[in-house]
Each structure stands twice: as C-alpha cells, then as structure tokens.
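For reference, chains read A, B, C and D in written order, and residue numbers begin at 1 within each chain.
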C-alpha cells in the first residue's frame, strides 16, 4: 500500500436502497479529482466473476444523485458462497488491476468483504446502504430515511380511509430482525400501536384490550397498528382477520413490501451518501480503510471495523419506545 | 317541488375516494350563495337512521378541498338493506326537513338512492365518487385520477428495485369488476404486461412465453405486470410463486390495497369534484335532478339517470388495450 | 407517399413539458413493431442543422415513461428563422433519408413545421407538448395536468403558512396568453381569488374590497390569489406590496416559475402522451398526417390541421370561471 | 416549584415550520398522561395579550402529526416588544393560572421568553421550530429536514428543464444569516455551485470561470447554482441577468420563497418534534427546564440554556463545504 492507488473497484450488493447512486456519484467524483479510475462491477459480486464491469466517468454520474435503485444493479452472489469463491474473486480483482474495493450494501455484503479479504492484497471498505438501519457503527444507514418517508406517505393515505370508516388498519413495514423502521414509522405516523421485536411477541388479547380502552377514552376512531414484517408468522392478513373477530371492528392489512426500497432518496440520505462515498475514497488513499466501514456517528464520518458491523449492539431509540407505550394511557380521573 | 328548496341533505357512502371533501365543499358553498342550508349526515346512510348530522357552514369547508378521506365519514349501512329500511330513511329525512338529498358514492350507494326514492318526496341526486371509474354516464369518477397517480408512484418506486435486480414484479391494483385502474396504471407505468378482465384469464404459460420473448429481444431486464385485484383467485402472491417457478426468475408480488383510496386529491379530481358538486346543487334548484347523477361527459357537466349508472356499458379505452398488446411484439428481422 | 415509410425523424421543441419522454417512447415502440427506424434530432430543430441525431432503439426508451424533461433536449432554433432556414432544414432531412417528421412542442414549434412543409416531400405531424394547454384542436396538451399538480403542491404548502399567519399570498403561475393554468390551479387549490386574462385587468381597489368582504363574512383568514404570469406588468412582488398597503394585511408573492415545467409526468399526461405518440405514427403510415396535429377530443385521438392550432378559439371552462366569481358572494341575511 | 404543575401554556411563534403541530400533539399527549392541562395560546405571544386561548384535548391533537402549519397560528407580537410588554405578559399568564410556558419557535421567540422570565414565576422552556437550523444547542431544528426536501423536490424538477435546455439556473433558498439550507440543498441536489455566507461574497467573474471550466470538461450541460437568500443584495433575478451576459448562456432565477415553510413534515421532523415535545413536558415536571431549550444532540434529548441558543457557534458541515469546492476540480492530465 505504499504506492498510490490508481484503480478502485466499486459494487452495490444486497437489497437495493435509495441513495446507492448518490454513493456511486460521490466515489467517482472524489476519485476523479485525485486522478483515480473507478471500475464499477455489475450485479453485486457477480460482476467480478462474470467480468461484467465498466470504467465509471464523471459525466455518467454527475446527475444521478436523485435516482433510486442502482445503476450498477444488485444481486445475491452464489459463486461467492462457494468454498473457493472468495479466493477466486480476489484473483479476478488482482487480474483486473483493482487495487482497492468499495462495497455498498448491508450485513451480508460486508460478510462477503470479509470472506475475500484474506486472499486480497488491497483495502476493502464497506459503505452501509440498506433501508433496515441495522448496521452497527453508524447512526444511520443510507436509505433508511427515504424508506421511512415512503412508509409514512402510505400510512398517511391509509389514515384517510381508516378515519373515514373508523377502522383498524395493520400496516406491515420491512425490517426482519430489528424494529428501527417499524418504530420510526409508527412514531412518525402517530400510530396507535407498534408491534416490533423490542416490544415482544404479538398478543391478540392485549391488542384487543388496548383498542377497546382507546375507544372508551376517545369514542370510535381510526386505529393504526404498524407491524414489523416477521412479528406475526402467519402474516399481517391473518392477524387482521383475528383482530376483526376479536374486536368486531373491521381490521384490514396492508403490506408495504418492496415499494419501501425504491424511489428518489430524500435529502438526508443524499447527504449521508455523498459524505460516506467521499470519505471512503479519502480514507482508502490514506491507507486507513482496510476492512473498515465508512459510517457516520454524531454527524462525523468515522471508520468502524467491518467485523463488528453485525454485532447488533445498536439500539432502537429507548426513549421513543417508552413514550409510545405510555402515550395513550388513561389519565383518570381527568378526562381527555 | 314548486316551492324553493331550503335544506339539502348530504352524505358520503361506500368506499372513500379522494375528492369527496372537495365535493362537500362545492355543495356547501354553492348552496350558501343561494341561502340554502346543507345538513351533513355522518357515516353514510347510517347518519339518517342514527340522527347523526350537523349543519355544514362555509367556514368549515372553505379549506378542505385538498384533504383526503371524507369529513362526513363513510360506512356500509345495514339498516338501509332491511325490508323497511328505505321507507324509514325517507321518513327520517322528511322529519328533519330535508327537502333534497345528495349522495356521493359509487354503484352501491346509487342503488341505495333508488331504494329510498319511492318513499321520499324530494329530489335525490348522486355524485360519482369512487376510485374504480366503473360508473356509466360519466367519463371519470371522482378519485380515479388520484388513485392512478398513487398507484404510479408505487410502481415507479418498485421499478427501481425491479431494474436493480432484473426481476419480475406483479403489482395488484384495485378494481373488482373492471380494468380501468389496471389498464391506466399499466399503460402509464410502462408495464410490460397488464392482466385485467378485458384481456381474459391469466395463463401462466402465455406469461412465461412473453417474458422469455422479451428477454430474447432486450436481454435481461425488469418486467412489471400490473394485475387487477380479482384476476387470479389465489392472489397475487400465489401467482408470483408460480411465475418464479415457471421462469426461474425471481418474481415478487406487491398488493397496493387501501393506500390507493387515500391521499390529497390531484388537480383533475378537485376540479371534477367542484364542478359536479356545484352542478348538482344548481340542478336541484332547477328541479331537474331527481334520481339523476351529476356526471361529466366531454368536459361538460351532465345529468344521467341513476338507474342506468350500473349498466356497465362504459368501456375501457379499446385503443390503449390494443396498443399495449402489440407494443412489445417482435419486429424481426429488424433488431430493436 | 405511395411507398412505405422506413425512417421517421423526431424532435422536441419549445418549452419542455412533462410527458415529452413518454411521447418519444410511444413513437419509437410503435414504429419498431412496424420495422420503422426513428431518428431523434437533438436540441429541437437545431439538431437538423447541426447533424446531431441518433437512431433511437426500443431498449433506450423502454423505461423513460416516468422521466421529466426530454432525452432529445430542446432549444429555440435561430437558423430555422433565417430566410432560407426552412428550405435548408428540408434539404437536410431529405439528405438523411428522413421520410416523415414528428415534432413535439407547442404553438411556435408548429409554425416551424409549417415553414418547412413547402420544401419537404414527407409528412410532418405535430404532437402538442406544452404546459400551457393553449393549443386549439386538443382538449389537453401533454404536460398541463402535471404542471397543474406541481402548482397545487406548492399552493397547498403555502396555504399552511397563509393559514398560520392569516396572511394574503399572491401566487404567480405560468401561462402568458391564456388563463388555463391559473384557472385550474385557482379552482383546485380553493383560491379565494383568480386573476387571469379571462377576468380582465387587475384592479387593486376591487381586490381590496373582496378581501375585506371575506373577512367580514369569515373573520380573519388566509387569502390566496392565483395570478397568471403577465397580468400585472410590474410583477407579482409589486402587486403584493400594493395589496399590503391597501389592506394593511401582510401580502407576500411567490412566483412558481420554471419548477412548473419539470418533474415526472402524472398518469393522465403519460397516457395522453402514449396515445398521441402511437397515433401519430399510425396516421403517418396511413398517409393521413401531413401538416396535422395528433390531439385528443372527447377521449378519442384525432387529427387536426396544424395551421389551425394557433387560432385561440379554445376556451377556458366558462362554467368554472362563473362559479369562482360567485362562490364567495354574500348570502345575507343568512349567515355562513 | 415545589408543588406539582397543573396547567401549562403553549404557543407557536415566529416563522412557521413543518412539525410544529407534531410538537403540540406530543406536549398535549405527554401532559394528559400526567393529568396536566395544556392551554394553547393563539397567534404566538399575541394570544396572551388578547386572551385568545383554549384548552387542548388529546382528541383534538391525536391525528395532527402529519399536518403542516400550526393549529395555534403564529404571528409577530408587537405588544411584547413594548417596554412593559414582558411584565404584562407574565401578569396575564399568572392570572390565567399558567404555571409553566412552552414556546415553539426560533431565535426571536426565544428572546421573547427571556424577556418575560424576570417577571414570571414559572418555568419557561423553548422548543426549536424553524426551517433555518440556525439555533445553537441542537443538531437540528424542527422543520429543517422538511424544508430541505421541499427545496430538493423543486430543484430536481428544475434540473429537468436545465438539462433539456443546457441552461444555468439560480435557485434561491431561505436562510438569512446562515447557509445550512443552501449547503444541504446544494449538496443533495448535486448543484454545480453553492453560494452561501460560508463561502464569502458572490463574484460573477469567478462564477463565469467555473461555468466555463465545467463546460470544457463535460461539454454543454445544465448548471445549477443554489444561493442563500441574502447573498446577492439585488436579488437572484438580477444575478441571473448578470450571468447571462457574462457567460452568453441563458440563466434563469427561481426563488423558492415561502413554499419552503409549509407541507406535511417528513419523518425525521415528526420524530424530532415528538421527542422534544415529550421531553420538554417531562423536564418541566422535574423542575429542570427553566429558561432552557429542549434540543437534540447526538440522538439524545438535552436541555440547553435559552440564553446561548443565539450564539451562532454552530457550524455548517465543514467537511461538505470543502468537498463541494473540490468536487468539480479538473484532474488533468486524466480526462473525466
């Protein structure tokens, strides 16, 4: 690493997230000023194996900051999971003169980085791009803020119908292992109830009691429940049917699904993406970035070991979790 | 009807649709200029039976044109479906001095109007508010244009992910009996395929062939299928699983559901709502409106018999149906 | 014209409008099925003179239906306005084997078509793409519906501040010669006042009286005035200052300007664009389209002579103009 | 302060900001659980003087989290600026049994709090609601994130036209004394140039040189300049005219103005508002909040002395300021 880097590889991997293109732009533009080539591999790690890559020029990326998706495409890569996959990937990177590798993705993508590292001479740096916000070492992942606003846009619309019919709506948001998105979407939509791992399992009897208490306090009203995607194994639609039966109020489910992944990134995601993309390149040039993730903590770009990004020590906001639980409590004897 | 009307009843019924509040506003403001009171019943026809109503003042409705949902609430009404329900409703209307009734809703709501009419002395006029656009006698129903844009917003976002992964996505839109929304959303999103009643049943083998043909022509690419809600009885998710198996390309389903009903109405819905709300009042005052629907044809407000609104003679756009079928045809021997 | 057309020229000219890319897509895809090449000229008519053009393939346009702007770029063309410009353009079209020409634009662009026609052997067809909706022969121009919703989005936001401060806001929308956009934006935003050519000149004394009457009726309230861009020669900011002085209520101006031209087209613009693009190609193939515009009337695609598109016989909606004038009238002795 | 608080006063003051209603909701709901009354004063501090206030109930605020503007209205208050205004305000608060006061606003509103404090027995706490993000002691003010996304939405649209015509656009955003919004909007829109106080005065010759350099590097292209509102005293339109003359490329100005203040708050603003509203009430109950602002630093709610909120020690992001300056630098001899 004593001699200057001349050629960087770049790829997007795992589930796509709004802001990935903004990272690509920042990487290419920062590198260009230093006279460094950026080679973009297509379809995640697959592009390394299939030799699908292209040099990325500034003119190509100058105006992609607002585009959803990823111009480099993404995909799972089965070849990397083969026993000799990582060694082979490293060899191909060397063969193509790639002196450092930047990978934009989440947890799984970062494990891929770590698998390749023992066989690879250059630095490998990760940039957290996932709507789940479940990566340790960064306050926010790129894409989370946009996915939150997409979910809110949908929930605000559903509130109109829920209000018109004074119905219960169950809205399932993404987030397999953590409740970041469910908590944020629930708080920000003013949901009456949030179901996420941090609150424990779903209990239909508890739900029924909460709904009835609210109706005693406020009269008939809409009731919105935001639920994280794996909290009710039979699915949101089945839970909606159970709630309809239990409460005798019509309850409908709405699964937001993949629409949360797309769309033009919001401002904070574009800024975070720009910062981390630029910072990753700068840190590579300083030789600091090997097996590190470029994240942001307290507004400052930081490096954080890739090996620790999956530790799941990062916590959803305890303050908001508590507040939500209390906010509709009865305050008898005073009336609302 | 020889003496002037002094008090009009107004209610929203059936599935809610963006623009219902804009109609309420136009009715109240047009009536106010003529010195006529407007009484708003709550929860659709239920408000008549339960005596839930209020006088609507201009100051209340002046700034609701942009609000989704309906300030009058909506609901199905079981009492109206009882044998003596319609007579009872008429009696209650008379008792409350309601000299004419305006009902904003769809097909089912208009049948309610017709049921009450034999027992009621005043005029009853309908205004088409439904996202389905399946009401005869009007080019567009209030709410359709907004629901289309809501669906497009979602499909555009999903296209980002579909492109990033070169995947198939099945997107289910509302519209039980007709394909207006599916056709419009499919054309306007640039969907590769549309499945709606007008094209006949789903054939997985045909779909598979079309997908493979497209890939031969264009290489790997995203593939979006818009499907109307009842076209595959087992549901969009089941069809997605079948397609994944048949094509070996990952196919995901996304059911847009109730988010299509809410939201701030788009401009064309607000204008249509304003026009039809004002026109309904004017025609009531002229004594022309009994058992008529206020609709729009060729840009002009018109009256159309409520009894014919459910005839289902209105056609989805044949020109667009044909174009969509041809647009991806192979043009060999010339290449794309 | 007896032998089949093999190569069509296509360009976008004049002010850009949302939906121009959707037209380009429809033209290319419709032509491709017939085995016809489409040559896209860059920068409007300039591309003809400067030989800037490219063959447009389906793969390039398949997914551009949702993009704002125009991939072919637009510009005024000074060369076409030179005495021998039209003849020269025709000669260059012939030289490049362009057997028919499709021009997407407004009034000025259509005059360009007519100037070239005497020197050109092939058919020239126009497609109305302009946010102004001021083209005779079509109910709507491509881009108008989107510009309306962009304006509404802004006005709805300004209403929040106007309400919070009970202030007057003057909002200037585009539309130099006609009030289509001002009337539509004013009606659909629930503006208290609309100033557009159809209502005659601005009279500050009248405005002041209307504002004070409203305040007597409704108490202090926000007051939104939508004004078409050339209605007050000194500009909206100057008029705001005058109104502040006249009413002693703070009045602010907001000039929406060019943000009305951009953005992803709404559904109705995408559908109209698709229809007219496809129809223009079909009519060219039938030999019907020479010096015609492809427009839409009453939901049907139609041909209309280019020479008549600027006749200005098309009227803004008289019904809505009248309703707006009356809607806030006092209805004494009854209170609001 | 030894006895429990039973009645809190609440008002919104200064320029409105998206998220003010979300704060009101959180204050009322948090207080209700503790059995505390919240009295909302109308029109900022004016409501104290004019006795315009109401008790706020949970049912009123339950579903206002997504609403722009402020249900309590806002306004400047001249009476508070009178010599005896603050003492009088304190007396009226006492008279109405207001035992603590929460003020949502910016710098100027916080000075009002400090003016009243010497005459008032209870705690006064501020909550930062302003789109300018220029308040010391909190990482972000409520409303900033929404105003950023509103500006981006406009700039993205203008980029379409700028691209279509390869034109220069000057876009003026709010922010009188600081460049937070201009820097954020410029970075996040991918603007080619940002003009804000942190970069020093506008120099037309420098601008001209930068524009020409970019065109040498990238060919003709759109060029977007984001400018903070007071950076060119003659106004953005005058600067646009100067640039047109200097570069011979058409340059247009667009002043975003008040549309940046309105609209439904984005998720991060709703969450921040909820957190700070709840925290302010909790800290009041603990007796900690006197003359403090409830802010957020590093994700944690904190108290910060109101007297220091206007110190202007808070810095715009130095890292992004530097990156923006370098990002388009020429990297000769390597080509883009």
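As a working rule, contacts are C-beta pairs under 8 Å (C-beta built on N, C-alpha and C of every residue); 3 or more make two chains touch, one makes a residue touch a chain.
Since the structure is predicted, the reported quantities are computational estimates derived from the model, not experimental observations.
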Subunit B and subunit A - chains in contact with each: none
Most distant chain from subunit D, judged by the mean position of its C-alpha atoms: B
Geometric centre distance via CA averages, subunit D-subunit A, whole Å: 27
Chain centre separation (subunit A, subunit C; CA means) in Å: 39
Interface hub residues of subunit C, defined as touching at least two other chains: 156, 159, 163
Interchain contacts, given as pairs of chains that touch: A-B, A-D, B-C, C-D
Residue ranges of subunit B touching subunit A (in the complex, touch as defined): 12, 16, 18, 67-70, 73-75, 150, 153-154, 156-161, 163-166, 169, 252-255, 257-259, 261-263
Of subunit C, residues touching subunit B in the complex: 25, 29-30, 32-35, 57-59, 62-63, 65-66, 139, 145, 148-149, 151-152, 156, 159, 163, 184-185, 187-190, 217-219, 221-222, 264, 266-268, 270-271, 274-275, 278-279, 297-299, 301, 317, 319-320, 323, 326-329, 331, 334-336
